[in-house]
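Chain nomenclature is as follows: A, B, C, D and E, assigned in order of appearance, with residue numbering initiated at 1 for each chain independently.
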């Protein structure tokens, strides 16, 4: 039951991870990276690691993404790969 | 290059996969990881530290030394960003045009270098690259931010009993300031929480943590052995541990909050601290 | 076949962590864009976090590591049993690791911004071209 | 001595780093004195620890008062006490010597510079003292993050080099973390002594072997072992000279210490040398590292790049010597940690001193420096001779042990590589000396009028020269006392079963 | 044989190191600077000489500085052989210092302060090598000597000096690190010690092939001994100022090389072991080859200093040959040759320098008739030649006599032939110079008849050394006693 949910989220994690490194737009990559972190956080919540999930939600999905967006804002969205 | 990368990644993965065959089964309650050290935490943490959240107990007490340095890592990262990016006195050295918005009308004025700056509360300085003028966003964030901060404080304070603690709370508090900076602008955020404040708060947060540990040393206990603080708090050793955890969580929260804000300031403005997200 | 499925199902978290690690490693080596490399680095780190969290799991209805009825002064009548709670130690370790990873991310992004400021691009090959143009090929 | 002594080398610098920020923010004159006091206290407590260890043997210290497998314990034995003294001493000398350079290079960044540097030393001393595998990772990250920052703010390609350093360093640290995770999965503990007690039953497990390899790979990246050294030359040669002086002598040496610690204390020599039997393979890798490091060094035309590649080759010395797996080899390796820290400090310091007076460190910039800066060049000569391995400088004696270990183990490839590298070092250093000595060529047999007139002497400031001379003298002193060093300390750092 | 702990060896080594700061400080007052040099040289000689009675009495003066490796310390031990060598070097330093003043000032050379500093350092290293108690200490001072002489060799700081300096380093340092060092470590590994002992320290278990390799590595590794094919640094080093060539490349440096070989063969390997393995003969043949070939090359050289250099290469191999004969007379001959050749060859170099200072001539073909211009110099040159050739009434005769006796004793008749042939060759490349200097027609002479000797500072030393060469023939007792005693000590004696 929870195992299946687990697997589905893992699948999404992997997809968003691959997406983050393949999409040809750094802002998009940053957002996908945020999504990746958020899915990771869900995964950990399901696995019972509530504190880790909390931290990942605030740090990974929150601040990391903001920092990334800020950096993209200060550099460029362009990427060749 | 791509092939090399793929090959090395695959090689690495294959080797690791090969190892998983001998792993204990996922979720096996008798695996060494579940049966050697950790049971003590689960069974005794409550009695020894009076913190029902075992993670908090382990984080701030049993392995408090790790966490001290974890906080120090955040501090050094913030310091590193400041060290690498901050540009001092850019404004004076390279005067550039400034943009002002007339609030009642929304008209944007451009003032060339050397031009006279309008001296009226109706004018607001704005950034050339980031000019949101959205009353809805500004008002909403103004409303939300206090609650976010309240929640952050709650998370720090309630870390003993529920998920959360200094890190999470600190990040939430930091995020509230960052949100303020994004919704208004960087200068206003800097006006609320300046650079010196972030830097000193950041160091002070870690200092609270390390100082609590050093205080234990002075009281004759080992470093970070909060039970040594019992005479100071006037409670028994176990309660002293609980209070010690609270003290260091506050330190962590302070440090992490300021660090996040500080990193954001430098990163978003390329260290110039005038224009930014 | 069913053995294989059991094998897979029993350890799918570990498989996923390896897959994520490979993605991260691949991105760090193959991608020429520095920001992409940084994303790869973070994925790599999260993969390891996933591994640790997986080691913490306990089957058989273990609950999250917060002791129920825990209010009061550590004198809960019925002491907690280890099998009832998920192993908290990896969680603690990974809290640290997450914070370390965001710290690393901050510094890495800072340096990336500096590199962009210096060369006007984040692509490694273009940077190499600029350096060659500036110094005449000397290291 | 106080029972809390083991905590001090970490706690005092940490608190001082914070004080530098808090107090220094308003008073820019404070950071240096605070750092000075912190590192002096660190050095004194390290010496005190050394004394205690010599008197009483291994010292343990429980952080937070929790017993080892549950809490984090520090464990001080001969090995880490020795390396701690070296690190603290090198950091202190570097700090004093670079005072003026820091003022010049980081005029408005004094506060963050010293904060980061003292944190860097904190991290290193924590790495050295800790007895907990995960705690080591956290401290490693402190030392690395501060190192990235210090290196990233240099001239030219420094930010790019710093970024590459971050990427590779993070891979290395993450691999180490993963290896520790594997160990945790198999044993359920993170304490090194506890791990060592629980591992013997698991020696035939592939996961443990994998954990070992992963840890080792991670550490190889961190210590810049060929072929994963690529971050080092760029990072060290582009860093500002102050940062180079402070970081170059320390990082790789501490990583080699970690390798030795993990192998000897956690996995035990039985496992590493007998069960896995990878010693030979690693020694061959280090042969490649030594040879390639030397060859790459030959191809460089900048002094600091040459020195950086020499560091790469020296890493090969230490790794190879350790993996010979016999007493002489490991003695040589540990002794070389000490000596190489001193040598690297000496040559980087000398290069920094030269850079105060010449526009760059390309070899053509060094023309005529023997006349212009005799003291700095003399120190560079001493450092160079030590790296070459000429007696009585300390480099000779560690090389002696390494060669002796190679012969004992019958590993003549390693011996040949060491000799080759020594010869290449002769070529490298004398190329530098030649340029500094001859050029610009004197007209007609050197009878140029300059020689008799005013000599145009303009050496580096005394504040930099004094520590430099101290280090140069130290190189010789270390050489003369290496016998005592080995018999009193290093012999006790090696498990008795290794012969 | 008693051992006395004494500070004298250390003092003898340190005196010329300690004088270096004084020389540097008085760099702009040449007279004071040279005064310091003289003072150091004099004190050094007195210290060395003061050890003679004790050593002749059979004692050994010992001092351990630092126990750097288990079983190997940095330590001094003065025995008869070391003292003999130290006596030669330190006495000649006084003479050479005087000569240096004349030469350097006569040519108005640059960087004289540096020159005198490194000269003093080189002497320290030489004396240190002479007094070494073990191979490690010997190696230490050997390397110190290599690096200290580098600035002297390349004194002129021009292109030619640089390429010579490179060659010098390549041969000397390359061979010592590449060959001698690993051999030493191997010896240390198998025997656990590096001390010199009467019959060597090598355990008998070392297989002959390894032993051969070790001997060859050490023979070639100490390339200062100039054994072919590791000889070509010596002619290259002749770009140095002549006093350097005189003292270092005829006495101190090259003889430290020969001294090392001597020590290795007798003190480390041991005579019996080498004889047993037939390695003495091998080294003999290598030395013989060097002797003959270098003499032949010397014949074809026109540069006077280059000819002297090749002659030195040959003469050094006499010493090696003497050591390799491994018989009492052979060893005595080898040791005496260190002293005898030193006085003879330094005279020749002094003459070459004096000629260069006075006339600027370097090539032999330009020296026709120079005897009329510089009669004193050329007379001294003649005496030096006789000594090097090994003819009476000069000291060289005595050492050669002992060498010949040694070959007979060892039944190495081929070596006897080699020595005699080589003596003929020596005569063939020296005597024509003297002949053409004095006996030539007016037209052939390249000089007019005016007397024009070099400055007095140059002239007195070469007269002195020529005189000593003759004295040594008449009164060889001090050196002979030391050599005899040394042989007893080396062979473990009755």
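What we mean here is this: a contact is a pair of C-beta atoms (placed from the backbone, for glycine too) under 8 Å apart; a residue touches a chain by one contact, two chains touch by 3 or more.
This one's a predicted model, so the numbers in the text were calculated from it and none came from an experiment.
Q: Can you list every chain that touches chain A and also touches chain C?
A: B
Q: By CA centroid distance, what chain is farthest from chain B?
A: Checked the centroid distances; the maximum from chain B is E.
Q: Does B-D or C-D have more contacting C-beta pairs?
A: Higher contact count goes to B-D.
Q: With centres defined as the mean of C-alpha atoms, identify the chain lying farthest from chain C.
A: E
Q: Centre to centre, by mean C-alpha position, how many angstrom separate chain C and chain E?
A: Here chain C and chain E have centroids separated by 69 Å.
Q: Could you tell me the distance, in whole angstrom, between the mean C-alpha positions of chain C and chain D?
A: Measuring from centre to centre gives 29 Å for this pair.
Q: Cα centroid separation between chain D and chain E, in whole Å?
A: 43
Q: Could you give the separation in Å between the centres of chain B and chain C, each centre being the mean of its C-alpha atoms?
A: 18
Q: Among the residues of chain A, pick out those that touch two or more other chains and give their numbers.
A: 50-51, 55, 59, 63, 67, 70-71, 74, in rising order.
Q: For chain E, which residues are shared contacts with two or more other chains?
A: none
Q: For chain B, which residues are shared contacts with two or more other chains?
A: 16, 21, 23, 31, 33-35, 37-38, 41, 53, 55, 59, 63, 66, 70, 73, 76-77, 80, 84, 163, 167, 263, 267, 270
Q: Which of the chains touch, listed as pairs?
A: So, checking each combination of chains, I get A-B, A-C, B-C, B-D, C-D, D-E as the touching pairs.
Q: Can you check the complex and tell me which residues of chain E touch chain D?
A: On the chain E side, the touching residues are 65-70, 73-74, 108-111, 136, 139-140, 143-144, 147, 150-151, 154-159, 161-162, 165-166, 169, 173-174, 177-178, 181-182, 185-186, 188-189.
Q: Which residues, counting only chain A, touch chain B once they are in their complex?
A: Against chain B, chain A makes touches at 50-51, 53-55, 58-59, 62-63, 66-67, 69-71, 73-74.
Q: Using the touch definition up top, name the residues of chain C that touch chain A in the complex.
A: By the definition above, chain C touches chain A via 9, 12-13, 16, 19-20, 23-24, 26-27, 30-33, 35-36, 39-40, 42-43, 46, 49-50, 53-54, 56-57, 62-66, 86, 90-91, 94-95, 98-99, 101-102, 105-106, 109, 112-113, 116, 121-123.
Q: Per the contact definition, I'd like the list of chain B residues that touch chain C in the complex.
A: Chain B residues touching chain C: 1-2, 4-6, 8-10, 12-13, 16-17, 20-21, 23, 25-29, 31, 33-35, 37-39, 41-43, 45-50, 52-55, 58-59, 63, 66-67, 70, 73-74, 76-78, 80-81, 84-85, 161-163, 167, 238-239, 256, 263, 266-267, 270.
Q: For the complex, give me every residue of chain C touching chain D.
A: Within the complex, chain C contacts chain D at residues 25, 28, 34, 37-38, 41, 44-45, 48, 51-52, 55, 89-90, 93, 96-97, 100, 103-104, 107-108, 110-112, 114-115, 118-119, 127, 131, 138-139.
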